[in-house]
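The same chain A turns up in both complexes below, where it pairs with chain B and then with chain C.
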Partner chain A sequence: MLGPFDYAFWVGSFLLEVFVVVCMIYRRVFFRHLPVNIYMSCMALVNCGQYASIREFGFYSSQYAYFYFYTDGLMMILMFLVIIHFYEQVFIEMHVGSYIRGAAMLLLAATALFSALVIHEHQEHFTGKFIGEFSQNIYFVGLVLTYLLWGAVLKLRETRAQLVQFILALGIYFSGTAGTYALQNLFPSLWLIVLHWLPGVMGLWLPAAWLYTIAKVPEEARLATAPLAVGAR
Partner chain B sequence: MNKWLIVAVFVLLVLTSAMGLKSLTTHSTVANGTTAAPVLAGSGPAPWHFPPAQ
Partner chain C sequence: MMAALICVVSLAAFLQFFVSYCRSILASTHGIDLSENVREVTGIENAGVVADDFARLLQLLHLCSDGGQDRTEIRAIGTYYSLLRILGRMSHSIIPSVSAWVEQERRSCSYFAAVALDRRIANSRDLLNRQFDSGC
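Let's look at the complex of A and B:
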């Protein structure tokens, strides 16, 4: 049964996702960060679909479970495209866009193949299991890509404040979710007490951080290079 | 050609790192069906198990 906190996280993340898109339109950077806007818009639509599904079939119905995880798989693919968009932005001066897009397509195909190989013996409900396995795997690929992007931002001494904050927020989101998995496996009893709130918090964090970045950080803002980063070179 | 070789090595590196990270943080795959599927990109309330019991 859903409690008031579940609804609060849900409605809160929906509103923040809508505000991100509205704010991008208002700032006239909608097309500059198109993958981010597509992701946020689709996420808001998925939230509406989830609400309709729960209302029609109930929270414990298999219809809702299928809707939830199928759309989650699609959202992970969109999130993957958002990460690739940030890669293109960071490496924009190197003119390696075609290589980045090629690597992204290879990664997507390899992850799908790997997921299919893992579950190839499970002929029953193959599609459902494939979606679940693929979502997990593409999530961890995204996590590694985000960490590598963090490294690239530091190494290349990226100074565009807006871009850096977008990437940092994404890294915290992925790290928080991966940490939740790890804690869930180490301490299963903590899941019901505290851990089941964390995905909701992370769902709020990402649109909130991106909204703050768009609303408060001017596009021309530049970061002063950290002395530690300079010293490490 | 050399650049595409680097791309291929990068892809392999990311894939193997991702699977290593996955094995560290989740001790099972969805395929064995013993644990709830994780909540990934979704922000709505997550069902407990996937695929749902038939």
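Let's look at the complex of A and C:
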């Protein structure tokens, strides 16, 4: 069953997600970052749904497992929309929004098709190992997209501090989550000991970091991105 | 094989993003000169803040009232500093170039703490002056 830490992660991430949306409304930037707000609102709803599902069917029920992994898949699609939004923000002056949207839709369709094929192939044995591998791959695609975006930020010398911090927080989230699932696949015995905390920690990290950015970093704040790269002095 | 590759790439990317994120917080204090007040309180000489000053500056920050405005940043940079210290100890004799980089990063953390202290001292003085003025 779930322990007190699991509930703490759950309640904490739910509250942080709600705070992000409230803070965006308060700062009057709700529509400017609409995909972020849609993602955070849906994530809060999914958290409520997971709680209801556990209460109704139990943590080890197949209903909860299906709810968890299907909503996780849907949330990844919404997360792709968030990444597209950041791409559009970074390339805003180059007026390539339509190309970005087209490429993103293509990528999304390819990911959805690949996922459907993989699930169809494994529907007879929808096991924990398969799910772990699938999550690892999906999050890794998110990491690659975010890494490319970070490369574009450095190349184009993007200076908007808020945007830079949004992207860096997303990079930490994707790399942490993809790495956790990869470790789970490599060392399944580590999952119960330590790794099962990490997706919860990452689930707290993303809304916390975005909340910090919205609440504390002024919209007009600028920073030089070149010194932020690891090799820079 | 695939999982091992993803694990290594994710870990490398995680470190890069984490360091860049912490640097983006530290960047907010770049180019800010320390006042005479904070130099006097901390005993920082003209040579500037050194990497090992961080713990002492943190203690002074805890003594100075804040109103909770910069607590999150200080906590985040504190975590970054602790990780750098561990990395510094591990790399000291093995990879000197990493050790030098760690030293520079730790100095940036200390400078960040000094600027935060400077702000808090200025805020406290401002508050005291206002209270004094309203009392008169």
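Methods note: the second predicted complex is superposed on the first by the 200 of 233 C-alpha atoms of A that agree within 3 Å, B and C clash if a C-alpha of one lies under 4 Å from a C-alpha of the other, contacts with A are read in each partner's own complex, and residues count from 1 in each chain.
Note that a contact is a pair of C-beta atoms (placed from the backbone, for glycine too) under 8 Å apart; a residue touches a chain by one contact, two chains touch by 3 or more.
Just so we're clear, the structure is a prediction, and the values are computed from it rather than from any experiment.
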Considering only touches as defined above, state whether A:L81 meets chain B (first), chain C (second), both or neither.
neither
Once the shared chain is lined up, is A:K216 touching chain B (first), chain C (second), both, or neither of them?
second
First (chain B), second (chain C), both or neither touched by A:I172:
second
Of chain C and chain B, partner touching more chain A residues:
B
Give one of first, second, both or neither to describe whether A:L195 is in contact with chain B, with chain C, with both, or with none.
neither
Is A:N185 touching the first partner chain B, the second partner chain C, both, or neither of them?
both
Output check: A:Q136 vs chain B and chain C. Expected answer is one of first, second, both, neither. What do you get?
both
Touching A:W150 in the superposition: chain B (first), chain C (second), both, neither?
second
Just checking: does A:L107 make contact with chain B only, chain C only, both, or neither of them? Give me first, second, both or neither.
first
Where on chain A do the contacts with chain B and the contacts with chain C coincide?
133, 136-137, 140, 143, 178-179, 182, 185
Touching residues on chain A, where the partner in the complex is chain B
2, 6, 9-10, 13-14, 17, 43, 46-47, 50-51, 54, 59-62, 64-66, 68-69, 71-72, 75-76, 78-79, 99, 102-103, 106-107, 110-111, 114, 118-119, 122, 125, 128-129, 132-133, 135-137, 139-141, 143-145, 148, 177-179, 181-182, 185, 199-200, 203-204
Quick check on the complex: what are the chain B residues that touch chain A?
3-4, 7-8, 10-11, 14-15, 17-19, 21-22, 24-27, 29-31, 33, 37-47, 49-54
What does chain C use to touch chain A in their complex?
3-4, 6-7, 9-11, 13-21, 23-24, 27-28, 72-73, 101, 104
Which positions of chain A touch chain C when the two form their complex?
133, 136-137, 140, 143, 147, 150, 161, 164-165, 168-169, 171-172, 174-176, 178-179, 182-183, 185-186, 209, 212, 216, 221, 223-224, 227-230, 233
